[in-house]
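Two complexes follow with chain A in common, the first pairing it with chain B and the second with chain C.
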Partner chain A sequence: MKLQTRKRIATLGVLSPPVLWALIFLFIPYLIMFTYSFYLKKFPTFEPAFQFGNYAQLVTDAQYYQVLFRTAKISIMVGLFSVLLGYPFAYFLVFKIKSDRVRAMLYMAVIVPLWVSYLLRAYTWKTILGSEGILNSFLVWSGILDAPTDIFLYNQFSMVVTLTYIYVPFIVMPAYASLEKIPRSLIEASKDLGVRPLRTFWSITLPLSSPGIAAGMTIAFCLTFGDFIAPALVGGPNGFMIANVLTSQFGAALNWPLGAALSIVTLLIVLTIISLSDTLQRSGKLELE
Partner chain B sequence: MSSRVRKFLKSTMAVTAASCIFASSAWSAGQVNLLTWEGYADDSFIKQFEKDSGCDVSATYVGSNDDFAPKLAGGGGVYDMISPSIDTTKIMIEAGFVEAVDLSKVARFNEVYEKFRTAEGINHDGKVYGVPFSWGSIPFMYRTDKISEADAPTSLKVLWDPKYKGKISLWDDKSSIYVAARVAGNQNIFELNDAELEAAKQKLIEQKPLVRKYWSTAGELVDLFAGGEVWISNTWGGYQSNLLAEKNIPVKEFIPEEGAEGWMDSWMIVKGTANTECVYKFINMAISEHGQCGMSNYNGYSSSNPVAAKKCMSAEQFTKLHQDDPDYLDSLLLWVNLGARLEHYTNIWNAVKAAN
Partner chain C sequence: MGSIIQLDRLRKTFPGGVTAVDDVSLEIEEGEYVTLLGPSGCGKTTVLRMVAGFESPNNGSIRLAGEDVTELPPYRRQVNMVFQDYALFPHMSVSQNVGYGLRIAGVPKSEIADQVRKALDLVELTSKADRRPNELSGGERQRVALSRAIIRQPKVLLLDEPLSALDANLRENMRVELRHLHQRLGLTFVMVTHDQTEALVMSDRVVVMEQGRVAQIGTPSDLYDHPASTYVASFIGVSNVLTGHVVKSHGEEITINYGAEHMTAVRNGHAYSDGDPVCMTIRPEKASLLANPKSAGKKANLLKGTVREVLFQGSIARASIDLASGDTFIVDLFLPNTSAQSDLPQHGSAVTVAVEPHNVNTFAAEGGS
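After this line comes the complex of A and B, so read on.
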């Protein structure tokens, strides 16, 4: 056998399982979903067809873009707050902590919650934020409040708090990695040239770590965009997000065609965000070279 | 090369398919899988059944009648029996999700209330598709320690009263549309036209700032009441109030002036079930003294078999659950199949939840 043929077989042998996996579990399902999005709802279920009625409904019925806007708003807030909490923490770990052991410990402290089920962590916030929860009990006990308030739970605030808590580790990890990679010589050179620390941060550290921020924020944004647990557990009557609409269309409404069309739209939104973030991360890398 | 890939694909698929078939056939002996309401598979009476029959009972719970069809449409032969309410039974039959009940295997079927046995929702083409199990109402419930006797609510209007802002809950179900229609003075809640549905939608959107949370499972409502989050809500008559009483949370049910909805649940057999033997054992248990009182004691619902109920209930319980008076059900707005209108109701309810 020729060397080239053998090489080809080897490549194929290595690549075929992941390719097969992607084909069976990703591309074929996407294709099925895409096909369903043209089907026709017909009581009590639906039937194959080729028509654009489902997409038209998404545009004409206000409820869908209302929910899309709300979902985007909450996702942006979660992404932003996660960065505001996670990035300074990563910065602190990389530049301010001198002991490797302390640094490793603090890093682990942030990562460890990821080992606990998401559902459990979201549920815990209920017991903290509830009318008779830990926060209210404390506020009443300390005299700050006369009576427990119900403003903490079952609204968009509690959803943002819960989701931010859950996605902060996803910011810390890439931000830490990108901050650690910044050559210290650059920062020292800046210092030697008499640039103030804040200016050094703005013109060197922040731009060079932006790929990490972008990566983390993208993860937080996209995962929030597809979340349906937080609205169900800690969201109130105004907490309905796009994934809840999807579960409802595939569930109670039994309108898989409409659900499929909405899934395709959601997929496109998320893919756009990912490719935008990818461009940003690439531009960050170029600056380093 | 590509033929090699194809071959590999083929053999992989064959193995996958074979293992799937193997797994499902190994699963079939001596068990019954229920898709049902919380409380219908409670250990208090199911444990004994498992011991007596040798059938393992496992249950998956639904939070709404609209959850049955999607779970079954997914296919896969996971469930053997379902227990939808009378507004949903016909849909199950028409969609081909269930099979006719072989009445020769259900000895005590004729003891069930005649009006239930002959209900249009479970009879189709001369065959019976469901075995009535339980019935009751959807009353409202409030915390008596938070809402005083003097303020005791009697009307649905209380759900729009700003005084209870943030302490109101509603079932996450099309039932909330029935509530909104009734409060607007419309009793014809199952035949709302588009304009009336739109009015109900506006009414519910208007209520949103007052609502703490829409509840989607019985357990969630119990938690909301127990945690002091909610003071008033609709409820599955008898069930959540029982569970709350056990936790020493003082609640009281009431039928509002605008009337309450009524329901009746039946056991239905999922088409193509492999566990026929256990399915019929379960059905027979369900309408026996053991199943009827097991359900009534735990869930607080009324029984479908008055003969069995008479034997296993105290006279007091028998009267309290209206077992001597099934016509009581006629005083309620008994859920009916909405047919093709269902999707409009569902869509309106989704629009309410989506609204800002």
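After this line comes the complex of A and C, so read on.
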């Protein structure tokens, strides 16, 4: 057999499992979902068709686009707050901790919660924010409040708090990696050229670590966008997000075509965000080489 | 010209207990090109980083143009550094890199553009002003780093192994370039290197460091011709090191007992008493091989030996001679014409090594050995 033929067969052999996997478990399901999104609802199921009614309903019916907006708003807030908490922490780890052991310990402390079930971590906030919860008990005990309040739980605030708590590690990891990659000599060079530490941070450290921030924020945003557990646990009636609507379309509401259209729209939004963030990260990575 | 840098008994111990710099005092004159030379870990880079302000000494003081800057942060010191890895900002173009300090300092845009152009002109990189650092070659990056460091006319330019990341050819060119730049700018240059040739070629004065301390300070030819210790003698160039005892001092000359022979050396400022153990260093090119001992100069020291091997090195041939004393002595034989090669001594032949007294450098033997 010719060497080139053999090489070609070897390449196919290596490539085929992941290609098959992606085909069977990703592309075909997407295709089915895409097809369904043009179908017509017909009680009790649906019938094949090619029409844009489902998409039109999403745009015209307030209950759908409002949920989309709310989901986007909460996702952006979770992304922002996660960065505001996670980035300074990563910065502190990389630049201010002198001992390698302490740094490793603190890093682990942030990562360890990921080993605990996501469900459990979301549920924990119920016991913290609830009217019988730890926060209320403390406020009543310290005399700040006369009676427990229910303003902490079952609203968008509690959702943002819970999801931010969950996604902070996802910011810390990429931010840490990108901060660690910045050569110390760059920061020294900036100071050497007469630039004070704060300006050095704005002009050198922050721009060079932006790929890490973008990566972390994208993860937090996208995972929040598709989340349906936090809304169900701590969201209350006003905390419904797009994933909750989706599950109900495929469940109780029994409207698969509408659900399919909704998931295609969600997919497009998330893909747009990912590709934008990817472009940003690529341009940043090129620079540090 | 006054002194621009005064280091007074600097000491730096890192957490963990390593003393990188131990009691270093040094004065550098304005406009001088001074090189800190030593192997890695000798503390030379730490000295440079203390002058820049990146490390603060545990002890001692640093004065810059008369002002005590020991406690000043790096951004308040009028020194600039060329980093070993150049430390160019990857997210800025060449001209943005060079103008960075001025831009943050709030200098008007037109003036920045003007100064950046001048600084880039100086290193002949005007045509690459809009490139990013990752689009430049190693040599070009180095020149950007240089022009960025000199744009504000610092009192002192610090260079941390500036040529180590360049390939051999480029490095040789840049040695000369840096030397010319130094002459053109009239700034004080302080360079750190582990490369002795670099130190000899480029500097006015060389500070040889050993384990955090200054081993010797002198002009390149001082250090080469009159090393003050075996450490310096072996770090700079190749030396034959012979040990003996002083037998007699008479005026400028001393007589040294070496093995079964007597050798004459020039005192060169050293004071010896009779019986002192003494080290002699002799450069291989300052000795010669004689077929006929009678042809030597009147005063030459003559050492008998046999040829062990002769290695051809192009412009010279390096002969290893086994001396009667048991030491090995290296002699460089010049090959001024092609026929000289056939006259080279053969393995095993008996020869006499001749060294003029003024080519025998001496210093007190260390540790009484």
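Heads up, the rule we're going with is that the second predicted complex is superposed on the first by the 286 of 289 C-alpha atoms of A that agree within 3 Å, B and C clash if a C-alpha of one lies under 4 Å from a C-alpha of the other, contacts with A are read in each partner's own complex, and residues count from 1 in each chain.
As a working rule, a contact is a pair of C-beta atoms (placed from the backbone, for glycine too) under 8 Å apart; a residue touches a chain by one contact, two chains touch by 3 or more.
Note that the coordinates shown come from a computational prediction; the quantities given were computed from them, not determined experimentally.
**Q** Let's test your reading of the overlay: on chain A, do chain B and chain C clash or fit side by side?
**A** Aligned through their shared chain, the two binders fit side by side on chain A.
**Q** Tell me the contact category for A:A243 with respect to chain B and chain C: first, second, both or neither.
**A** Touch partners of A:A243: none, neither chain B nor chain C.
**Q** If you stack the two complexes on chain A, which partner ends up touching A:V161: first (chain B), second (chain C), both, or neither?
**A** neither
**Q** Quick check for you: in the superposed arrangement, does A:D192 touch first (chain B), second (chain C), both or neither?
**A** The answer is second: A:D192 touches chain C but not chain B.
**Q** Hey, is it chain B or chain C that touches more of chain A?
**A** Per-residue touch count on chain A favours B.
**Q** Once the two complexes are overlaid, how big is the angle at chain A between chain B and chain C (Cα centres, nearest 10°)?
**A** 160
**Q** When the two structures are overlaid on chain A, which partner does A:P44 contact: first (chain B), second (chain C), both, or neither?
**A** After superposition on chain A, A:P44 lies in contact with chain B alone.
**Q** So, A:R8: does it touch chain B (first), chain C (second), both, or neither?
**A** first
**Q** Scan A:A261 for contacts with chain B and chain C and give back first, second, both or neither.
**A** neither
**Q** A:I213 contacts which: chain B (first), chain C (second), both, neither?
**A** Neither chain B nor chain C is touched by A:I213.
**Q** After the two structures are laid over each other on chain A, how near do the C-alpha atoms of chain B and chain C get, in Å?
**A** Shortest inter-chain C-alpha distance (chain B to chain C): 42 Å.
**Q** Quick check: in the complex, which residue numbers of chain C touch chain A?
**A** My answer: residues 15, 52-54, 73-76, 79-81, 83-85, 87-91, 100-101, 104-105, 132, 134, 148-149, 152.
**Q** Could you please specify the touching residues of chain A with respect to chain C in the complex?
**A** 98, 183, 185-186, 188-197, 199, 203-204, 207-208, 284, 286-289
**Q** What residues of chain B sit close enough to touch chain A in their complex?
**A** Residue positions touching the partner: 1, 4-5, 8-9, 12, 64, 66-67, 69-70, 73, 91, 94-95, 166, 208, 211-214, 216, 227-229, 339-340, 342-343, 346-347, 350-351, 353-356.
**Q** Give the list of chain A residues in touch with chain B in this complex.
**A** So the residues of chain A touching chain B come out as 8, 12, 16, 20, 41, 43-45, 61-64, 66-67, 70, 130-133, 148, 150, 153-154, 232, 236-238, 240, 244-245, 248, 250-256.
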